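What follows are several structures.
Next come two complexes built around subunit A: one with subunit B, the other with subunit C.
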Partner chain A sequence: MTPVQIIFLVVSLMLLVSAFMVVTVRNLVRAALWLISTLFMTAVVFVLLDAGFLAVVQVVVYIGAIAILFIFAVMLTRRVMADTGPQTNANGWWVGLSSLALFAGITWILLGWGGSSADAPIFPAGLDTVTDLGMGLVDPNGFILPFEVASVLLLAALIGAIVVAWDRDN
Partner chain B sequence: MIPLSWYLILAAALFSLGLFGVLSRKNAVAILMGVELMLNAVNINLVAFWRYSAPEVIAGQVFTIIVFAVSAAEVAVGLALVISLYRRRQTVIAENIDLLRW
Partner chain C sequence: MEFIKDPILFLANWLTVLFTGWDMTDGLITVINTFLGVFLVANFGMLFVIFLIWLERKLAARMQDRLGPNRVGPYGLGQTFADILKLFTKEDTTPAGADKAVFNLAPIMAVLSVLLIWAVVPFAEDWIGTDLNVGVLYIVAVGSLGIVATLIGGWSSNNKFALLGAFRTVAQLVSYEVPMVLSLLVPVLLARNMGMGGIVAEQEHWYSIFFFMAPIAAFIFFVSSVAEVGRTPFDLLEAESEIVAGFHIEYSGAKFAMIFAAEFLHAFTISVLTMTLFLGGWQGWGDQFPLVGWAWFMVKSLAVYFLVVWVRSTLPRIRIDHMLSYNWKFLTPLALVVLMVTALLDNLVVAQGPVIRTLAHLSANILIGWAAYAIMKKRAAQRPPRAVVGQPRPVARPPAPEMPAEAPVLEAPAS
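For the complex of A and B:
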């Protein structure tokens, strides 16, 4: 066991416990807070994978924007559920079983696949992924089209969210 | 070092938990939270494959950035739908939103 492996195991344990709390905890505000913990642990996993920029984006976009949006939505719609009574529908046990079966199936396939025990190649010295990413996203021979499509999608989603949530009666 | 399979199994577990949340929760906001967990699992997979197969090709990270953008759009529209629905029908429970049933 190297220190990196121990760090990975601790982080992934915290990630999975947080994710489990997100899907099972009764109070939805608490679920949103557990979601923040899950997203933060995912950022740590990105750091372990040498993707520091993505970790920063994860914290800024996911925790800073999406999780806060979730907390707003929970608080705006909270009176209905009152956080009592069962939060799961009648299929709870079947869904749990099939999720477990899915996990077991994926793990079984992974263990049978030879490439899954590969070690990471040495990270190339002097490789600046942030610059590469920035150049790639605006390079006409690179990813400028997906980048622009994502921009238009975000604009459309912004306008769509305003229109959908508009209270026309007031 | 950490073998690739550890990351993939972590992502599989996270995806299964997200699927469980999506299929078993009653509250529409909680269903969206499950979708977020699944998208995060996909992101972990994408970054792990980028790191383990070709760190000098940036395409793996670009995929992840696009997934970030799509999930931000999805959450914005989804939560707007939930809030609009709550205003009109006073419910956020997915089972009660059955206007379109056959």
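For the complex of A and C:
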């Protein structure tokens, strides 16, 4: 086994444990912290796949923005520690069954794919994936339309937030 | 001679030869060498803090007309060691009702978030942990772990003051990330490169360092970085006179030492980043020798660090609403304007040679700075004059007594 494989196995184990803890742990802030751990381990998996840009964006967007918002929103609610209700309701079995079916389906597809046992392709030296990504996003033959639509959507959301929070009386 | 030229490379080669002699595989040697490098960089950071604490106390003392530590060792250099020993022998307390695991995790994350930044800091030519092609974005990413650290530290202490500190953390650190990221984009634009090594390499002449091309962006980055560290004048998250010590009120002993060390190292780290991004990094005369480059790195970083200490020891804490309006109404719009102007202008002048490019950017920056100053001055003139303490206030004035026709003359009491 190469060192990279050992790192991958350790990271994957931690990723699975963290993901399991997110849904089973009682305390909401702790669940958010396990979520941060899950997202961070996902970023490490991206690094192992030579996708550094994706890994860093994963940390910036999900940990830097979304997870902090989660924790902040949970902290503002009262009596976080006092949640003692049951963790599942009557539909728990159906959810478990459909999740199991989904997992089995994905596993079946991946087993038939054959790429999961192949070696990772080795990038040629000097390949700059970030530049390629940037060019692809502004290239008229590439993804400029979805990119711009997403930008306009985000701008509209920004302006909407300002309008909602606007104190007109003042 | 080889050793003096590049000690790190010499040691790495020597170790590689040694390990190959021990019949190790290439992959294992790489892993061991990488871990040794991580150990070296992390310990450089953590041990340098010992010197930084002494330096800051000494500088702040001189600025405030005091002597500073001068009892332990020559010039008080041993004072920090005594303080560390004291902190490590203190009782390690955990408040009742605290979330213990999270409470212990917060100081570790605080140190981690700062030390991770050092992975992409170029100390000298080829002396860099890892020259990520997304280095600048990486700095922003690991910086957000520090916000999580203060947030969960404040929450898990089960203390209202600590929780208030954590809320202020969100208001301040998350807000100041916006102008910081926007101003970080300016050197990225100018260098056409996101890696720290590439940004330094682009500033090879004295006239092409980015401070001359983007002084306003350097200013915005410096100010918002100081706010990110949470030091005076932005120390609202640990304001002693308002919320005692903010998020780290319940920490004692070694855990407090970790938070304290993380703050000092962060203050030096922002000096290093400002220097690397805007002042040419390790480049200077004789920088083909990595040791000389490293010396330049330290000299420039400590010069910026002096500025950080100067600001800290002379400015009072700003009010929380001023802190937010300064960010959202001044720094953020200014950073947006600078970013757009730089992007447009640089495409026009990049082919004209470095000197003309620098002059064009410098004049554009002076123009933007003058316009910002004029707008602020106009806004300040429109604001109604604020009531000053010395003026009589209607609420505080007692009703005027009805004066008798012949007012009794008060005599001064005999002393």
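Keep this in mind: the second predicted complex is superposed on the first by the 146 of 170 C-alpha atoms of A that agree within 3 Å, B and C clash if a C-alpha of one lies under 4 Å from a C-alpha of the other, contacts with A are read in each partner's own complex, and residues count from 1 in each chain.
In this section, a contact is a pair of C-beta atoms (placed from the backbone, for glycine too) under 8 Å apart; a residue touches a chain by one contact, two chains touch by 3 or more.
Because the structure is a prediction, the values reported are computed rather than measured.
Q: Where does A:M75 make contact in the superposed view: on subunit B (first), on subunit C (second), on both, or on neither?
A: second
Q: Given the touch rule stated above, what does A:L158 touch, subunit B (first), subunit C (second), both, or neither?
A: Touch partner of A:L158: subunit B, not subunit C.
Q: A:V10 in the overlay: touching subunit B, subunit C, both, or neither? Say first, second, both or neither.
A: Touch partners of A:V10: none, neither subunit B nor subunit C.
Q: Is A:F20 touching the first partner subunit B, the second partner subunit C, both, or neither of them?
A: first
Q: Quick check on the superposed pair: does A:I63 touch subunit B, subunit C, both, or neither? Answer first, second, both or neither.
A: second
Q: Name the contact category of A:G92: first (subunit B only), second (subunit C only), both, or neither.
A: Touch partner of A:G92: subunit B, not subunit C.
Q: Under the stated touch criterion, which partner chain does A:T2 make contact with: subunit B (first), subunit C (second), both, or neither?
A: So A:T2 meets both subunit B and subunit C here.
Q: Looking at the overlay, what does A:I144 touch: subunit B (first), subunit C (second), both, or neither?
A: It touches nothing on subunit B or subunit C.
Q: Identify the residues of subunit A that lie in both the subunit B contact region and the subunit C contact region.
A: Residues common to the subunit A contacts of subunit C and of subunit B are 2, 4, 53, 57, 65, 72, 81, 129, listed in rising order.
Q: Within the complex, which stretch of subunit B touches subunit A?
A: 1-10, 12-21, 23-27, 29-30, 32-34, 36-37, 40, 43-44, 47-48, 50-52, 55-56, 58-59, 61-62, 64-66, 68-77, 79-84, 86-87, 90-95
Q: In their shared complex, at which residues does subunit A touch subunit C?
A: Residues 2-4, 27, 29-30, 33, 36, 52-53, 56-57, 59-60, 63-65, 67-68, 71-72, 75, 81, 128-130 of subunit A touch subunit C in their complex.
Q: Within their complex, state which residues of subunit A touch subunit B.
A: Listed in rising order, the residues of subunit A that touch subunit B are 2, 4-5, 8, 12, 15-16, 19-20, 22-23, 28, 31-32, 35, 38-39, 42, 45-46, 48-51, 53-54, 57-58, 61-62, 65-66, 69-70, 72-74, 76-77, 80-81, 86-89, 91-92, 95-96, 98-100, 102-103, 106-107, 110-111, 115-121, 123-124, 127, 129, 132-133, 136-137, 142-143, 146, 150-151, 153-154, 156-158, 160-162, 164-165, 167.
Q: For subunit C, which residues count as touching subunit A in their complex?
A: 27-28, 30-31, 99, 101-102, 105, 132-134, 137-138, 140-145, 147-148, 151-152, 155-156, 163, 166-167, 170, 174, 177, 194
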